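Chain IDs A, B and C follow the sequence of writing; residue 1 opens each chain.
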Amino acid sequence: MAAAMELRCWGGDWGLPSVHTDSLIVLAYATFSGAKLTASPIDWTWKTLTATVPELVCGDSAVTEPSQILNFLRKQRFNADYELTARQGADTMAYIALLEEKLLPALLHTFWVDAENYANLTRPWFASRSPFPLNFLVPSCLAKIALSRILLTKGESPLHRITEVEGKIYSDAKECLNLLSYRLGTENYFFGNSPTSLDAFVFGFVAPLHKASLPSSPLQSHLRQLDNLTCFCDNILAVYFSSSHPCPPPPVQETMDANLQKLTQLVNKESNLIEKMDDNLRSSPQHKPHRPDPKPSLASEKSSTPA
Amino acid sequence: MGTVHARSLDPLPMQGPELGVHADDIEAPDIEQHPNQEILENKDVVVQKVHIDGLGRTKEDLLTYEIAEVFRAKNLIDVMRRSHEARQKLLRLGIFRKVEVVIDTSRGEDALPNGLDVTFEVIELRRMTGSYNTMVGNNEGSMVLGVKLPNVLGRAEKMTFQFSYGTKETSYGLSFFKPQPGHFERNITLNAYNVTGQFPWSSLRETDRGISGEFSFPLWKTSQTLKWEGVWRELGCLARTASFAVREESGHSLKSSLSHAMVIDTRNSSIIPKKGGLLKIHQELAGYTGGDASFLKEDFEIQLNKTLFWDSVLSASMWGGLLLPIGEKPTSIADRFYLGGPTSIRGFSMYSMGPQSEGDYLGGEAYWAGGLHLYTPLPFRPGKGGFGDLFRTHFFLNAGNLCNLNYGEGPRAHLKKLAECIRWSYGLGIVLRLGNIARLELNYCIPMGVQSGDRICDGFQFGAGIRFL
Amino acid sequence: MSLAADAFVSQISAAEPWPENATLYQPLKEDQILLSDCASSLAVQAYLRMCGLPVQVVCRANAEYMSPSGKIPFIHVGNQVVSELGPIVQFTKAKGHSLSDGLDDVQRAEMKAYMELVNNMLLTAELYIQWCDDATATEISRPRYSNPYSWPLSNILAYQKQWEVRRKMNAIGWGGKNLEQVYEDVSQCCQALSQRLGTQPYFFNKQPTELDALVFGHLFTILTTRLTSAELAERIKSNSNLLSFCRRIEQTYFEDKSS
């Protein structure tokens, strides 16, 4: 826990601590959970070509990929999710999957494949942050990776052309933003009053789209119409990433944390046990069910108020 | 006697090293009546030496067969004629750019008083020649690059590589040709290719990747070819609006087939022949050497030409074919026959006849087509003797039918089915001859006997191609 | 086709009622179909049965190439061809049949999110196990996939498909995972589904939705397909409410013919 943690990521611009989605997710989560990370941007180093970003280096171990980094941080007891119920944890997984499947392809397209945006914004930015002579290679490498990811996941064989899928990925992305907006409603964060890993993911995906000055983006104009999402991003930036205000203390973490977790797990196990017993009872021949309706879930009642 | 150069006897200049000398361009040599001719004719000569100068990579044993006849000449005129024939044989090999014959008296110690030395001065083709063409077709343009290596190993083998890069598709092919030394008509060709084609009349896209080997040999007056071909065919829909029948054919299949073709060609030219006939019979058996496709395919082509009064030519031709599936699997759309268009039954759109589904033509398993043409020179013969000779007017009558047969019934029922619903058309037009390979046509057609589902091209129709009905 | 053309066509198709001869195409059931395709096909069949729409299942060796998007299954309704569950749900909605009309916006957002979870985790795990695990690929996937074709085409197609799937796995970041990690992901996904289902009969209480069809398709197929190792099925069996969920849907919608 005491070992210093260093995060290799892309640098920041446009009011964001980092312009790269995955790096932004990790930075946001670290701030939410109170982990002290030193962000070392790889800008202007040769690592722009060689390193997998983001990468968390702690002592001897190095972890890549946002979900694995978040797991690692949780194991180090930097957990922003400890207040979530199991059901909310499941929802988190589902919404993250939704973001990756529906929103990510359109974001990659907007920044890396759309010719106007790529030539006027993305390529100059990344080229200016890479040392010579990598400034010629890095943007085109990243663009190629983005294009192949879109085609491999969304391309419909045998006509693997980007124009065929463009309409579909943008309409999926707009729908995804709408769904996020419905789910967020009027709250500040997705679950309760403090941000969790889902907030980190949504922030990481949506903030660059909100803040970048894209020459042409129907997706960005669609986002601007969803006020609650833009307020969500601005709120997080103001509260957690503003240099003038100090970060609010993360929710109480100490040793109480582990006990609370254990209790929650116990309670969940209990409720599963009770369910199983219930099922057995119901299916045993002596006890015919009195009520045909399924009873309200005991599990949800118990786990909503951690003892 | 000084050196006698046998003159080049063809009136038209050589078009390039690949094109051999064609029989129809050669008229009978007109030998000047030399005052000394009678003396030369009766004087006995012996050909003592025949040299070939200028050989680089060509192996000599290949050429001895071609020039062997020269030794048998008995008198000077005979020597000149046989040398000319030998020269043609050398050119036909396709390895020399130029061949000149020099006939001289023998010199040296063992020279006979009536001995002659014949020398062939040859210039070999370069080791590698390239060509670059652009082609414009149906809604597509493409760039064709060809690389040819003539005479690769010294015995008239030829290797060709062709690469076609188009706005829509890319194709390439590699081919190796080897004749038997001494018998040029017996040869082996090996091919490997990857060809993609788009067929908008069926909304079909087809990619063929295959290898084939063929062996040709002459037999009496015919030319026979035996071929084995293995093709990986990939079929797909060209557009989302393709009919479901075509969608059902999409996918991969492997065809491994043996085929045999017999050709008798006595025409004086293959483009606008003046006399002679053509008989071509081709059969293909697939499925017995592996693969998924299994069928027996037969088709034939007959053409007869006769010159009438005033330089006009009457030509009658007939095509027909039958596809018999073996086993329970139905035939594939890529194996079936198609009919219609400016190269077969004029007046109908390209391959837009016969069985169809929602506007996509599926081809048929049996067909026949016949044509009757009268070719005449252009009225008032403009440009006679030069450019005008490449044009002809023609009056035509085409008829044919394409259908699927129910193989359970007997041959009488089949004939009846082929005879009903005959499509036919008539009209007139202008034909332009392109070199020795292709021809262009502009016709005014009136299609008749149109069945429901056929697409016609009423009025003016333009066609270009190699094989016409 | 552009979105506008799509919308136009769906408007036209909306006017026609569901025909009697609607057909669903999938690869050959006995010899050819693989786990992931079978799961997707079963999900669509379950969905159509839940909507009460009759459909015949036809097996074709070249079903994958017939499909307009290259994915199984696809349905041929009237003269329209639609493939994959998402577009099929939209297509039936245009004809007036829908299972998720009673949901409010937040619930619909949850439903779509969970469907993406199944696609992202379960389907990707199925593809990984089939094609990236050498044992399964050699013993089961490649022989089955190339079953209708003759040599050497069978080898070419099987290896081509394997290469394509591995490329996709690398692009989405699953290339570096090992089998244990994949099983862990499947467990987590099943736990999440189990938590969400709780003790309700369906995910959104009384009425089944397309999410139920999708989850049923995948879980039932995994439970009833024999692979080189039974690990995957074991991970699902540890969640008993999912087992009873599958049994319930099977009894309600798939066993009416046998009685």
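One rule holds for everything that comes next: a residue touches a chain if its C-beta (ideal position, glycine included) is under 8 Å from a C-beta of that chain, and two chains touch if they have at least 3 such contacts.
Protein identities per chain, from UniProt: A = Metaxin; B = Sorting and assembly machinery component 50 homolog A isoform X2; C = Metaxin-2.
Computed from a predicted model, the values in this text were never measured in an experiment.
Enquirer: If you average the CA coordinates per chain, which chain's centre is most distant from that of chain A?
Expert: B
Enquirer: Can you identify which chains form the pair with the largest number of contacting C-beta pairs?
Expert: A-C
Enquirer: Can you tell me which chain is nearest the middle of the complex, judged by mean CA position?
Expert: C
Enquirer: Which integer distance in Å separates the CA centroid of chain A from that of chain B?
Expert: 66
Enquirer: In whole angstrom, how far does the Cα centroid of chain A sit from the Cα centroid of chain C?
Expert: 26
Enquirer: Using mean CA coordinates as chain centres, what's the gap between chain B and chain C in Å?
Expert: 53
Enquirer: Which residues belonging to chain B are in contact with no fewer than two other chains?
Expert: If we look for residues of chain B contacting two or more partner chains, we find 236.
Enquirer: By residue number and range, which residues of chain A touch two or more other chains?
Expert: 158
Enquirer: What positions in chain C touch 2 or more of the other chains?
Expert: 68, in rising order.
Enquirer: In the complex, go through chain B and note every residue touching chain C.
Expert: Residue positions touching the partner: 232, 236-237, 240, 244, 247-248, 250-254, 290-292, 358.
Enquirer: Spell out the residues on chain C that touch chain B in their complex, using ranges where they run on.
Expert: Chain C residues touching chain B: 1, 60-62, 64-66, 68, 76, 79, 81, 149-153, 156-157.
Enquirer: Which stretch or stretches of chain C touch chain A in the complex?
Expert: Its residues touching chain A are 2-3, 68-71, 105-106, 108-110, 112-114, 116-117, 119-121, 167-168, 171-173, 188-189, 191-193, 195-196, 198-201, 240-241, 244.
Enquirer: Name, in rising order, each residue of chain A that touches chain C in their complex.
Expert: Interface residues on the chain A side: 65, 86-87, 89-91, 93-95, 97-98, 100-102, 145, 148-149, 152-153, 156-158, 167-168, 171, 175, 179-180, 182-183, 185, 275-276, 278-279, 294-295, 297, 299-300.
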